[in-house]
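Each of the next two complexes has chain A plus one more chain, namely chain B in the first and chain C in the second.
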Partner chain A sequence: MIVVLVTEALVFVLVVAGILAERPRALMLTAVAGAAALAVPAAVPRVRATLARAFDEHRVVALVGGAVGALALPFALRGSPYWTFVATLALLYVTIGQGLNLQIGTAGLINLAGAAFAGIGGYTVGLLTVSAAWPPWLAVMVAPLVAVAVGTVLFVPILKTRGHYLALVTIAFVFIFNVLMNNFEFTGGPQGIKNIPTLTLFGHRFTTAPRLLGVALPAHANFYCACLLVATVTTIITRRLHDSWLGLALNTLRDDEIAARCCGISITRAKITAFCVGNFFIGLGGALYAVMVGFVSPPDFDFGYSLVMLSVIIIGGVDSIPGVVLGACLLVPLPERFRFLHEYRLLLYGLVIVLMLLYRPAGLWPAGVRRYR
Partner chain B sequence: MPPLELLLQQALNGLMLGVMYALIAVGFTLFFGVLDVIHFSHGDIYMLGAFAGLTALAAATAAGVGSGVVALAFAFLASILVTGLIGVAAERLCVKPLARASPLMTLLATLSLGLVIREAVLIFYPRGADPKPFPRLLPQGGFEIGGVAVRYENLVILAIGLAAMIAVDLVITRTRMGAAIRAVAQDAEAAQMMGVDLDRTVDATFFIGSGLAAVAGILSGLYYSEIHFIMGITGGVIGFSAAAIGGLGNVYGAILGGLVFGLLQTMAAAFIPRGSEFRDVVAFGVVMLFLIVRPRGILGARTVERV
Partner chain C sequence: MSLLETRGLTVRFEGLVALADVDVAVGEGETVGVIGPNGSGKTTLFNALTGLYRPAGGDIVFRGTSVAGVEPHLIARLGMARTFQSSRLCLQLSVFDNVLAGMIAARRTGVLEAVVWRDRARAEMREALARATHLLGLFNPDLPARGWERVGRLPQIDRRRVEICRALAAAPALLLLDEPSAGMSPEETRELMKDLQIVRDERPGLSIVIIEHDMFVIEGVSARVIALNYGRKIAEGSFAAVVAHPLVREAYLGQERTHA
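The block that comes next holds the complex of A and B.
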């Protein structure tokens, strides 16, 4: 138990230090410490075994410790509203990534339209709150359903096409979505929708900075907590789905459709279910993004973001629930951390992804073999 | 019924776009043939071809080449060579090592490679963020025939595109290397048993495909008089769409698909209200519908799934 708590405290300190270290020396020190923390369990099998056993035996402690750490993060980052925002963004990508992972990882439906479905969620919130004056809470709850409803357009291609052809259809869908949003008058064209009202909870507006336990936190801490809750619930739901009969059926049809059909799995029903549930979470992520940032415009949801979403799940580990969390928490903040590289940032980002695929194709946290106890 | 002249005029414009799309699509379809992968960075290779051509033109001007024709010929050759080699490098580094992995891996790897190429041009080309004016080297002016305005430069672009396609067709159907490419596309293992060098054949295929993309890049520079580092994104997606409409793996299908896509765009722009804004919606919508109805493309081979 001590091992678990010490390890988690160490990870927490490293994460905070990694985010906040500014001076070159502090940054170097953190990088060395981080590398050492990764290298020791990787190189010494006994340390690795001890850690694995400790985490296995004290799961509850580990989860509670992780939750405390996640809740403590805004306190550690209180001096930097920007980093609180980035952390919140990472949590949104966890939500979106879990939805997309159910489609791409578990069911093998190559959906490159993630950005479009997030955009549908975001634009729905914008239209409902600004044009129809709905309360933001209601709009955020309806938006994922709209994403699912629009997703019905792709039902036939999902069932009829596979592999590269499905990839093309979904890419075409993102392009169509972008052109439409750019040219419709009611979506504000290239300007998008501005002044989306923010969420309120018991009269507390999410844009006002909260004071918790006597500590003044940046305003984004509100959204951090909300998104943490959403990301946690999403992860629990997708985990249960993944471990359920549905998840097993989806894995089977991903690996061999004919064999799946021989086992009595309805391909149509399984694929449609996975696609709709996935779109729900992707739309939810987009909707929360809209209320957090306060505006939506076409470039916020272009094809490049589909690529980021795809890299989150592949670098994390295809079909791996914890992998998605890890992927989102690494890939979203890291480019921000390396802002000092200026224009070389995206270039290196692309290179890192290519290298990862070549040398660690299973991802950082590969999906394990299913265990049934 | 729209007037016939308008229809013909739009058909000519569509043909112009179609030739460029077809040249990109042939690359996609050739790569799919030999390695069964979609090389998504091909669109950015096409962009690279345009920039290599522009650089070669600038170099030719700096070296004091007075004649436009010579400069242009030099630009084409240099760009085909450079872009072809970069295409081979991309294949060696990023496509072939992953060819046996799931399509998802090659998808993300080549999309990321495209990002790298795009960013590299943005950063390392002088003032890479701005659209670059492309010199007008083709004869200006034109004539009218039956109410259709035909510009000389359009004819030259068509002729160059057509020549490139015929050249590729000859290479594939008449040469030893072409026979090797066709053999590998049919069955890589059997081809190797017959003594075909797989690595060399794949390299040659990527050189040819990327070279064609370079031709398309320079042609698009000549046509629009402007090139931009982001042109590869839409260029790639359209090229892939064209290859898929035609049937992946089939060279003639890819050419047909490119022409169909170009015609769809121009017709949508001309005959649908606010069509110029929504032309891509129409074109991509048709592609989606088409893939639903005929998932293997116009000329694609019917495959029977075996267990």
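The block that comes next holds the complex of A and C.
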């Protein structure tokens, strides 16, 4: 138990230090410490086994500890509204990544239209709140359903094509979505939709900075907590789905469609279920993004974001639920951290993905064996 | 009435006739062997029976309903399970996952139970895992202990067993085995014979159709043998009668030359 708590505390300190270290020397020091913290369990099997056993035995403690750490993060970042925003963005990517992972990782449906479905969620919130004056909460709840409904136009390619061909169809879908959003009058064209009203909870507006336990937090801490809740619930749901008959059916048809059909699995039903559930969470992520940022426009949902979503899954671990969380928490803040490299950071980003695919194709946290727990 | 019956079953690929007018009947609890040279249509017969190929003519009646042209997963749910000549296991998934895949069609809990009301889903999973453990243990007492390992790490003979377990997990009425001894050494083939006897003992009412090239296996397990050549049924009867049949001898050995 102590091992679990100490490990989690160490990770928390490293994360906070990594984010807040400003001077090059402090940053270098944290980078070295972080690399060492990763290298030790990677290189010494005994450490790895001890950690794995400890976390396996004290799952509840580990989860509670993780929750405390996640809730404590806005307090640690209270001086920096910007980093609170980035952390919130990472949580949105967890939500989106889990939905996308159900499609890409579990079912093998290469959906590169993630940005479009997030965009449908975001635009729905924008249209419903600004044009139709719906309450934001209601709009955020309806938006994922709209994403699922629009997704039905892709049912035919989902069922009739696979692999690269499906990827091409979904890429086309993102571009069509962007062209439409740029040209439709009612979506504001290239200007997008501005002044999307923010969420309110018991009269507390999410744009006002909260005071919690006597500590003044940046306004984005509101969204941080909301997105943390959503990301947690999403992760729990997708994990339970993954460890159920549905997850098994999807894995089986991903690996061998003919064998799956001869096992009595309805390919049509399984693929459509995975696609719709995935789009729901992707749309939910987009909807929360819209109320958080307060405006949506076509470039917020272009193909590049589909690739970021895909990288979250590849870096984290295809079909790995914890991998998606790790991938999102690394991939969203890290490029921000290296902003001082200016344009070179994109080069670095590409390099990291190439190296990952070469040396660790299963991801940083590869999918384990389904345990049915 | 027989469990499975085909009448004039015909399968065509473009112009090529892969199966022509094949009549096959399998009774309950019966084991039927299918032999024939390469390309004679044995696997095509299985693919047509399981719905992977749509018959161009004729009918397939399984458990009293016509299943010609029916989707494979619906035929499977009627109680037809099969193995494949070249193993079609999901090598990335665990041994248990592969066996449980056979039970998906008969699941009683859905998505809601998996996410919200979990007690029933968990109870069902526990029961399913217990059944998988039992099935694996029948063939090799060491297999259940390796249940959480990925199938790709098992030797060939154990993979074949897992595939048979996956088929049996669906509690089928008819089991189609497509050349189970393919790629096996003579010792492994003897092991396989024992495994087939285990299947027989475990499920006495199960009907089995087995494709085999190994005549030793066919002779050992099947009461009745059907011989195919060029997509046609050329002989049917006891093993001894079929292998002695002139058309069968001709199909395997070629035409006897008459010396003038």
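The definition used in the following text is that the second predicted complex is superposed on the first by the 371 of 373 C-alpha atoms of A that agree within 3 Å, B and C clash if a C-alpha of one lies under 4 Å from a C-alpha of the other, contacts with A are read in each partner's own complex, and residues count from 1 in each chain.
Just so we're on the same page, contacts are C-beta pairs under 8 Å (C-beta built on N, C-alpha and C of every residue); 3 or more make two chains touch, one makes a residue touch a chain.
The structure presented is a predicted model; accordingly, all values stated were derived computationally and were not measured.
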Looking at the overlay, does A:F175 come into contact with chain B only (first), chain C only (second), both, or neither? first
So in the superposed three-chain picture, is A:L346 touching just chain B, just chain C, both, or none of them (first/second/both/neither)? first
Should A:D255 be classified as contacting the first partner (chain B), the second (chain C), both, or neither? second
If you count the residues of chain A that each partner touches, which comes out higher, chain B or chain C? B
Figure out whether A:I265 sits in contact with chain B (first) or chain C (second), or with both, or with neither. second
Now for A:S244: first (chain B), second (chain C), both, or neither, which partner does it touch? second
Taking the superposition on A as described, I'd like to know which of chain B and chain C A:R370 touches: first, second, both or neither. second
Could you look at A:K160 and tell me whether it touches chain B, chain C, both or neither (first, second, both, neither)? first
Output check: A:V318 vs chain B and chain C. Expected answer is one of first, second, both, neither. What do you get? first
Report for A:L307: first if it touches chain B alone, second if chain C alone, otherwise both or neither. first
Contact residues common to both interfaces of chain A (with chain B and with chain C): 258-259
Complex contact set, residues of chain B against chain A: 32, 38, 93-94, 97-98, 101, 103-105, 107-109, 111-116, 119-120, 122-123, 233-234, 237, 240-241, 244, 248, 274, 277-278, 280-281, 284-285, 287-288, 291-292, 295, 305, 307
If you look only at chain A, which of its residues touch chain C in the complex? 237, 240-241, 243-246, 248-249, 251-252, 255-256, 258-267, 273, 369-372
Tell me, which parts of chain C touch chain A in their complex? 50-52, 71-74, 76-77, 81-82, 84, 88-94, 96-97, 100-102, 104-107, 109-111, 114-115, 118, 121-122, 125, 129, 148-150, 166, 170
With touch defined as at the start, can you tell me which chain A residues reach chain B in the complex? 104, 110, 112, 156-157, 160-161, 163-165, 167-169, 171-173, 175-176, 179-180, 182-183, 258-259, 303-304, 307, 310-311, 314, 318, 343-344, 346-347, 349-351, 353-354, 357-358, 361
